[in-house]
Every structure is written in C-alpha cells, then in structure tokens.
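Should a chain be cited, it is by its letter among A, B, C, D, E and F, assigned in written order, with residues numbered from 1 in that chain.
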Amino acid sequence: MDLILQIWHGSGLYQLTFGQALMIGVGLLLLYLAIVKKFEPLLLVTIGFGGILANIPGVEIATGNGLLHLTYVVGIESGAFPLIIFMGVGAMTDFGPLLANPKTLFLGAAAQFGIFATLLGALGLTALGWMDFSIREAAAIGIIGGADGPTAIYVAGKLAPNLLGAIAVAAYSYMALVPLIQPPIMRALTSPEERRIEMVQLRDVSRRERILFPLLLLLLVALLLPTAAPLLGMLCFGNLMRECGVVDRLSFTTQNALINIVTIFLGLSVGSKLAAEQFLVPSTLGIMLLGIVAFAIGTASGVLMGKLMNRLSSNPINPLIGAAGVSAVPMASRVANKVGLEANPQNYLLMHAMGPNVAGVIGSAVAAGIMIMFTS
Amino acid sequence: MEVTLLEQGLELMLIGMGAVFVFLTTLVGGTSLMSWLVQRFTPGADSSGEVADEEIAAIGAAIAQHRRK
Amino acid sequence: MDLILQIWHGSGLYQLTFGQALMIGVGLLLLYLAIVKKFEPLLLVTIGFGGILANIPGVEIATGNGLLHLTYVVGIESGAFPLIIFMGVGAMTDFGPLLANPKTLFLGAAAQFGIFATLLGALGLTALGWMDFSIREAAAIGIIGGADGPTAIYVAGKLAPNLLGAIAVAAYSYMALVPLIQPPIMRALTSPEERRIEMVQLRDVSRRERILFPLLLLLLVALLLPTAAPLLGMLCFGNLMRECGVVDRLSFTTQNALINIVTIFLGLSVGSKLAAEQFLVPSTLGIMLLGIVAFAIGTASGVLMGKLMNRLSSNPINPLIGAAGVSAVPMASRVANKVGLEANPQNYLLMHAMGPNVAGVIGSAVAAGIMIMFTS
Amino acid sequence: MEVTLLEQGLELMLIGMGAVFVFLTTLVGGTSLMSWLVQRFTPGADSSGEVADEEIAAIGAAIAQHRRK
Amino acid sequence: MDLILQIWHGSGLYQLTFGQALMIGVGLLLLYLAIVKKFEPLLLVTIGFGGILANIPGVEIATGNGLLHLTYVVGIESGAFPLIIFMGVGAMTDFGPLLANPKTLFLGAAAQFGIFATLLGALGLTALGWMDFSIREAAAIGIIGGADGPTAIYVAGKLAPNLLGAIAVAAYSYMALVPLIQPPIMRALTSPEERRIEMVQLRDVSRRERILFPLLLLLLVALLLPTAAPLLGMLCFGNLMRECGVVDRLSFTTQNALINIVTIFLGLSVGSKLAAEQFLVPSTLGIMLLGIVAFAIGTASGVLMGKLMNRLSSNPINPLIGAAGVSAVPMASRVANKVGLEANPQNYLLMHAMGPNVAGVIGSAVAAGIMIMFTS
Amino acid sequence: MEVTLLEQGLELMLIGMGAVFVFLTTLVGGTSLMSWLVQRFTPGADSSGEVADEEIAAIGAAIAQHRRK
C-alpha cells in the first residue's frame, strides 16, 4: 500500500499546481497557433512543447541535470544557439534586393525606433511604480521590437536571463501575429494613392557584389560597433558561405541539418523557461504589453520613414515597404505585398520589401550591439 | 544623483537611434561605393548566366554524389 | 636502443592482457553479427568498434580525456543521447495501426511482464548468493526485457552506470536475435488454428487523430507518471513533429542527420564501456543470462495475453501479434508476420503486429518510469 | 528488518505490472474517446486524400529546394 | 556626450592595433585564396573568417565565453574535431587503389621523411639560437610535412597548443599550394623517360577485402602503436561504415552533415587562434619557413622512393606517384596525373597515385603516433 | 648531461622513420596476405556486379524515403 501511495504522491495529478495547469494550457495554445494557424511553426511547436514539459511536476527534464536544462546552459546562456541560427539565417538570406536598392537600409533603421521607444516605455512603467525593470531588463525587453527571435534571445541571455522566457515568447508570438498587427497600422498611416505606388524594377546584382557585401558589413561592424560583431559576424559568415560558391556543401548543411538541429534545441530550451513559477509573474504581463507596443511603433516608424523617403527620392517608393523594416523575414514582406495588392492589383511589392526586411535584421542587430555596449 | 532612470533611457534612445542611423548610413555609402566600383571594373553582366550554370552544377553534383554512394 | 625499448613497451602487443584480447574478439564477433548476419547493424557496428577501441592497451580514447569518454559523459551519463534517439524514434514511428486498434495496447502491457520477472530473477540470484545485485541494479537489468535499447541505456545510466556496458550489449544482442528467440516460444504456446487466424483490416486513421495522440499520451504521462515523462515526452515530441505537418524540415533532420549522428556516438560510447576490466566480471554473465530469460518471458506473456484477448474480443485476434509487444520495432512485427505466414499463406499480420509493437515501446518506457520512481 | 530484498522485488513486480496496466488501460480509454470525438466532429474522411497531397507537396518542395540551391 | 565618447572608445577604429589590422588583412588574403583561387576553400574560408573575427578589438567571440573560444576548448583542445574529421575522411576514402597495389604503401612511408627532417630543422634553428623550440614544439611543427590538416591540428593540440594557429595555417596553406610547390621538384628529380612510364591497370578489389582492410589496419595499430590508435581508429571506423554496406545511413551522415558541421567549427576555432598578439611572433615566421621545407622534402623523398621501387619492381612504377605520398588528398594525386600527362598524353596516373596518396594519410598518422609517444 | 636537443632529434628521426617503415611494411604484408586469403577462399568475382546493385538500391531507397515523407 505504501507503494501505491508513493505512486500517487509521485503523480502529476497530485503535485500539479494551478499555475502549472495554466502554463500547460499556454503551451497547448502555442501548439494550436503553430499547427492550425501555421504561425511561426518552427519555433512555436518547439517552444510550446518545451513549455509543457517544463510544467509537468516531478519531471526532471527542464531542471537540474535534465536535458533541456543542459541545452539551455550550453546553448542559450553561452549565446551559442542564437549565433548559430544567425549563421544559418545568413546562409539563407539573399541580400540581392538590398544591394539593388541600398537606400532601403534607412527603412530598416527607422523601424528600430520601436526598440528604443519600448525601452523608454519599460522605464516609464518602472517610474510609475507599476513594474520594476532595471535598465538592462528594459533594454532586453525593447529588443522584442526588433522582431527578430535570435537577436532577442541573444540579448536577453546577456542582459536579463531571468526574463528570457517571457521575452522569447513575446518576440515569436508577435512575429507570428505580424499579419494581424501590421495591416491596420499601415492603412491608417498611408493614403490609398501612396499604397498604389508602383516601384521601379530592381537591377540584377552581380555575384562579386554579393560576395563583397558580407565582408564590407563585417568590416564596418568591426570598426564601428564591436559589440554587434558576434551576431552580425555570424550572419556575414553564413552569407559569405552562401555566396562565395566554393563551399556549397558547408552552406547546404548550415541551411539544413545544422539550423534544424539548433532550432529544435533552441525552441525546447526556451520553452523550458516557461515554468509557471518563473513565467507567471507580473513582469510577464508587462513584457507582453510592451512587446506589442514595440511592434506597433516599429511598424509605424518604418511606414513614416517610407513616406518621407518617397517625397525626397527621385524614384517612387511605396511607404508600405517601410513596415517590412521591422524584420520578421519574410512574413513582413508578404504583408507589405498583400496590403499593396489590395490597393492596386498590379502592385507586386514582395521583392522591394525584401530590401528593408533584411535591413531590419541588420538594424536590430546593430541596436542590440548598442544596448549591450551601454548597459553591460 | 539626480539623473533618473528615465533620463538615462531617454539619452540611450537618442544616442541609440542616432548610432543606428549613422551605422546604416555608412553602410548605404559603403555598399553604393562598392557596387559602383564593381560595376566600373567588371566588364559585362556576370549575374544572370551564372545562376543557371550553378543550378546545372548542383544537379550534376547531386547525381554524382548519388553514384559515388 | 632506449627508444626502441620504449616503442616495445608502448606497443599493444607488450601490454595486451588476455581479457583485452578476448574483448577484442567479442568486438569482432559483434561486427560479424552486424555485417554478415545483418543483426541490428546500426548499433552492433558502432558498439562493436567502440568495444575494440576500448580494449587497445595504452590508447587514450575510451578513458581520461579521450573522445569516447567525453561523449560517454556528455551523452550517456546525462541521458541526452537516449532521449534524442527517442525523439528520432518518435519522428519515425507511425502510430496509425495503434490508433486503428487501441486495444493492442494491452498486448504491449502484458509483454512488460518480462521486465518485472527478470527484476525478481536478479534479486533471486542475489538471494541465492550467486550474484550480488542491489535493487537498483536488478531494476536496470530487468529493463533489458523491454527490448528497447535507448530505454535500457537511459535506465542503466540512471540506476546502475557500472552495469551499463553489459546491459546495453545484452539488450541490443537479444534484439538482434529476436528472429531466433521468439518463434519457438510462439509456436509452443499457440495451436495451429490460432496461428491461422486472419484479422479484420485496419481502418484509416485521420491526420487529426495522429496529431492529438502524442499530446494525449504526453498529458497522461504528465498526470500519472512524471518519471516516465522525459522518455515519453521526447517520443511524443518527435511524433508530433512528424504528424503536425508544419515542421517537416525539423522532422526530416530528426529522422536523418540528428538520429544518425547521435547513434554513432551513442554506439561508440556504449562500446567504450566494454573495457575488459569492467566487462569481464561475473555479473556480466548473470546479466546475459537474465536478459534472455527476460525476452522469453516477455514474448510468452504477450502471446498468452493475445490468446486471452482473442477469447474475449468480438473481432478475432491472432495471438502471434502479442509477441510483438516486447518492442524491438520493427523486427518483432516481422517475426509475427513470418510465423503467421507459415501457418496460413494468406495471413499478413505485419500491420496488425505494428500496433502492439509500438505499444511495447510505450509500455517499457512506462515500466522504466516506475523503476526509476521506486528505486531512486 | 524482516522485509527481504526478494519481498521488495515481489512487491515492485506486482505494483509495477499493475501500474503498467492501469496506465495503458487509461491510454486505451483516452485514445478511443479521442478518436470517437474526432470522428464525430469531423465531417468526411480527411486521411486518404491528404496523404497523396502531402507526397506531391514533398516532391515539389524537394525540386524547389534544388532549384533554389 | 559621455555616451558618444563611450561609443567612440568602444569602437574598433579607436582600439585597433596595427597587428590586428595586419591580421585582418591576412584573413582577407586567405579568403581571397579560397574564393578566387579555389585553394582548399572548405578550410581557408572558415579559418580566414575566424581569423578576422579574432582580430576585431573589443568583440568577445574568440575569447572569454565567446562562441569560438568555447568551440576551441570543446573541439580542438579535446581533440574531438580532428578525430571526427578523420572519421569523415575514412567514410569518404576509397582504399581500393591501395588494396590493388599495397606496395604503394612504401611511397606513403618515404614521403614522411619530410616530417622528421623538419623536426630536425626546427631543433637546428633552436641550436643556432634563431628560434626557441622545445622538442614537443619541433615535433608538432614537423607534422606539417604530413600534409594532413586534422593530423597536424590533433598533434599540435596535444604537443604545442600555443603554436596551433600557425601550424594549422601553415598546413592548410601549403596543402592549398601543392599544385605550385610540387611540380618543379618532381620535374627536377625525374627524367622525361621516367615521367612517361605507363603503369599496369589496377585489378578489381572485392567487397570482402575492402571490409577487412580497416579492421586489419586497426588491429595492427592496436598491437604496434597505440598512440596512433585514436586517429587511425576513427579513420578505420569511418571506412568500415562506408564499406560494410549495412549502415549506409550512418556513413552518409558522416560524409555530409557531420563532417560539414565539424569542418565549420574546426575552421572557425582554428581561425580564432590567429589573434595578432598570438600569431605575430617570430616563431610563426619560422613555422611558415619550416613548413614549406617539410613539403619539399616530403615530395622529394616520395619521388626518390618511386625511382628506387621502379628499378626493383617487376611491374613498372612511375616515380611521379611517389609525390602523392605526402597526403593532401586528392590534390597531390591530381598533380601527379597532370605532370604525367605533360610528358605522355596517354598517361593517366590518377588512380595509381591514389594508392600512395591515402597511404600518406596512414603514414603521417603513424608518424604522429610516434611523435606523441616519444615526446609526451 | 651532454645529449643535446639536436642529438635527441636525430635519434627521434632515425627511430621514427624506422618505425614508419616497419609499420607500413607489416601493413603491406598483412594486406597482401589478407587479399590472398580472400581471393583464395572466395569463389568468383564479387566486386563489379555488386556496385551496380548497390547504386540501384540507393536510388530505390531515396525514392522510398521520399514517398514515406
């Protein structure tokens, strides 16, 4: 009979807290969004499942010597996983549209305003006494506005590891929700005429330019902002492998087996930070709230910059592509394309939006470097 | 000390956005210069034709790899 | 001359013990079984080769800072490798036949009797004074009867790391020998009429059921038996990736590059535990003996449960598929199919046996969770 | 203490097999209920057609990946 | 204003030393050789890029807790990466030509004279007071003459970690330059008649011989020279997976995803040792100088051994294939083929050169084992 | 002690090259013996035909894997 009692006391049903049940529900919700709604499935499936595992009472997988705790220490705390993902992103990114129209980098710069506005917002909530974020925590929260998962995880791992779960979930959830969050803002800030603007076709970009671009970017980062060099260095390395044409087998593995393996363990590890006692705290609510504000402000500032550039530039620029400056590659480009098509059925903005879209990746890595430099 | 957290944040925002713009402006300049130099010193278009070649090479390599296996 | 003497003293010939020579022979035997007889080659090639490397005197690869010792610590002691293999197994497993006929889960349950009978046997040998196994060691030995390599390694790593080499070799060797061990037992316990029984064709299983099943299994494990949650959680995660249809690239990598890489290092690491001084001890003989008893009892109880279910059920059930309940996927199913065909050339049991076969994987993971709960 | 190792093992065997059966019985029940609910609330067969589609999609994706490379 | 000053002080431009600028130039040069000249691109792209990252002042990626420092510790110091690469090389190597003509192993033996001559050269420079190499350092430098990257890195990691960057760069650079270094030496030491010699076609080698060869090699190493067993053991393991025909999926992953992933991190990790303050020291110049001498002597002694064997053997042997004995697979074989074709347009030496070429891999691993045995 | 580093190196060179040759000579002998035994006790050529079979099997497996996916 003792043994049966021991089974019962060891069972999840006996030990389950309300918070854990709630978090298992959150995990199931993330899986639902990923599988049924097809929102960012690569990350939401893995994070969601990791979140469920982390909230099973009595199971040693997300804590102690458990697998997910080990991968968290080895891969997230060290920054290794986000850096490897960035290498993979580099190997999968075509900088051609950006090279064909480098001015779209300004759109990628403008959209980073969401990051800094959110930083200020987080400090404002603290000043009001509603939250209690340090400047490092506020900086890590702001990066959610960069709409770039690995950057957010990398920065949170360095500046505010205690908030990493909430920040990662906010970043990926809102990236998943980009098709819902962005269009109303884009429509509100542009006139139908602006949305109808067709853009000049992009020129072909030579292989030589494609090879030199990652090296140029690396050297600029090295000289101007070394704290952004790990992220952007790995991005450049991946892209150089892709474009140089002599290491195709390395590039192929980076884009497939390697990034897939790391994505699985990154997702599960991040999910392992969704344990109820860590996640169900008031600051999570604040982070979720600030995160959506960050996305909205980033979208708006990208669009407004697009309007400004359209007035100043000789070639017409459709301000909708400014919204793609937040990153969230390639979803934000697709959104810009879709909203453009609504206004003008001949207006294919997809390739034009890819320029600011990848510029947004660079821009938020730069912002991340600045945050790390000033607060650590 | 009277510098509040909020003032610190404001300063970080101004400097930060400034730095982002300075960096990306430099990158726009550098990229434009690089492209101009490449186009000036490279005769003929080298992009479109090559892609097709690469594709053929990739398929060839895949077949070869299969055979080798 | 000193140097030549130093070469001679450093040479394997000079240092080789009789035990090491014997173990190199065992390693070659495992390679022979794998390559010529094609018995479980993925594991026997890697374990056999690792065993040879571990018995070369004077070579630092299985000890100290050697590669295989490092992979052992990182991958086996931590439990990481068996868990990742389980994720891969999940991604490769089709639970369709089980979902079409869930009652076959009872066959998978019955076959686990081999595990507990062997536990008792190991304690019996200890009571007789022939061996000296603690209850933890007996539990780890019992798991051999689960006919599931990663489960056996996971449990041995937790409960009896000193016996890991012998347990893993026993588990994989007997899994390899399933086509020799099972048929006589199956024939002895069934009548020709029973072996001839044809079963009703399985219904189609919808994608929605396939997606919900791993989640259902995970939640049940979470609520009832958290100590089984790491193993079954990873199995469910792999299966969810397989079935959900939105992360095919992760599922593909899990089934290929990732499981292959881990299999290589798991096999070599397990092989590194075949060093003569650890392996050539009386307990190894006991483990090999108990292991085959475990397989035999598991097979028998699966078949007997099949006979019972055939009498109670409205649809006919061929008791041969009960033997597949021990796991050893998919070999045990093929054996059931082959013995069935002998009795009735129209009798294709393969798909019917896959249900109890995968049920056996779940069943032995459940038994493993119980063992871990009660003895640690 | 008079509880021998063997008695401990016997108890573990009984409880263990019991727990395995309880767990798998619950799973049988849960699975049957889940399948019943799915079949009740899903109109039409959704399995056979989809598989073919998926296969075609997989091949298409493989070709596309090749081209992209 | 303080913050702007902080940016400036944190910037690379402010902190950059002359040495770092120079080393960034060296990194760019390696990239140029790899991408434009197509010299050993898999390694020179990764090492070159790692070298640039390591010389960006203020960036924490090659030091402290940075990713490249971690991969260096985990993969290079432990010897894991070179061993895994050797496993991959084994899985990619066809020992058929060697088995068809085992006498070519003598050519692979002779070419290792470059290793030992360079060891002596390094000690000579020390005796002259120009350099200050210990015997362990001299041994590690000598291995450059083995023309085998992973062997050089493995030995340097064990005997002279402080010189690892220079040794690896020398080894891969000269391997890349084999088409320039070898031909003049080969022409100088052979007469046109010798270069014209056509060789008898190689016999078919049965699958059974191919399977037994790696086991034979392993057992010989085990018995005679255990310090070479980690390297040659992994080579044999990879080759056994390739040839045994029952673990094709493991062999495929070893030849693709696994070796590619390890190559990326090995290259970056080695590159991280190109930090200016470590690399720009007088000993680097000595190592670069000794390395090229090692290649030249190895080539010469291979060719001379070829001449000798041609006189003694009943079947004609073209001495050019002796040059392939240095390793540098398959580049050295292609060079032998090309120089042979110049003298006789019907003379296809490629397959004949593959024998000594893979023999050179074995030979330098044996030499490495001897170095490790005697100096550690 | 009068043994200089250089003498040590010279000795290492002689012994080392000797050991390389001894090892590879043994390997030549072992390989030749192994090949002779295999050819003596294996009837018929088993190499050429098999390769083609393996290739076909590899392609078949790839297609099957595709279908399964």
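In this section, a contact is a pair of C-beta atoms (placed from the backbone, for glycine too) under 8 Å apart; a residue touches a chain by one contact, two chains touch by 3 or more.
Keep in mind the model is a prediction, meaning the values are calculated, not measured.
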Graph distance between subunit A and subunit B, where chains that touch are linked: 1
Centroid-based (C-alpha) most distant chain relative to subunit E: D
Chain separated most widely from subunit F, comparing mean CA positions: A
Homomeric contact subunit C-subunit E: same or different residue positions, threshold half: different
Gap in Å, rounded to a whole number, between the CA centres of subunit F and subunit E: 18
Interchain centroid distance [CA atoms averaged], subunit D/subunit E, Å: 50
Centre-of-Cα separation between subunit E and subunit B, whole angstrom: 33
Contacts with 2+ other chains: residues of subunit E: 3, 7, 224-225, 245, 248, 252, 256-257, 370, 374
For subunit F, residues contacting two or more additional chains: 12, 15, 19, 54, 58, 69
Subunit A contact footprint on subunit D (complex, rising order): 11-12, 15, 19, 69
Complex interface listing, subunit C residues touching subunit F: 3-4, 7, 248, 252
Subunit C residues within the subunit E interface of the complex: 3, 6-7, 10-13, 15-16, 24, 28, 31, 34-35, 38, 41-42, 45-46, 49, 52-53, 56-61, 65-67, 70, 256-257, 260-261, 263-264, 268
List of subunit E residues in touch with subunit C within their complex: 78-80, 83-84, 211, 215, 218-219, 221-227, 229-230, 233-234, 237, 240-241, 244-247, 249-250, 252-254, 256-258, 370, 373-374
Interfacial residue positions of subunit F with respect to subunit E in the complex: 4-6, 8-10, 12-13, 15-17, 19-28, 30-32, 34-35, 38-39, 42, 45-48, 50, 54, 58, 61
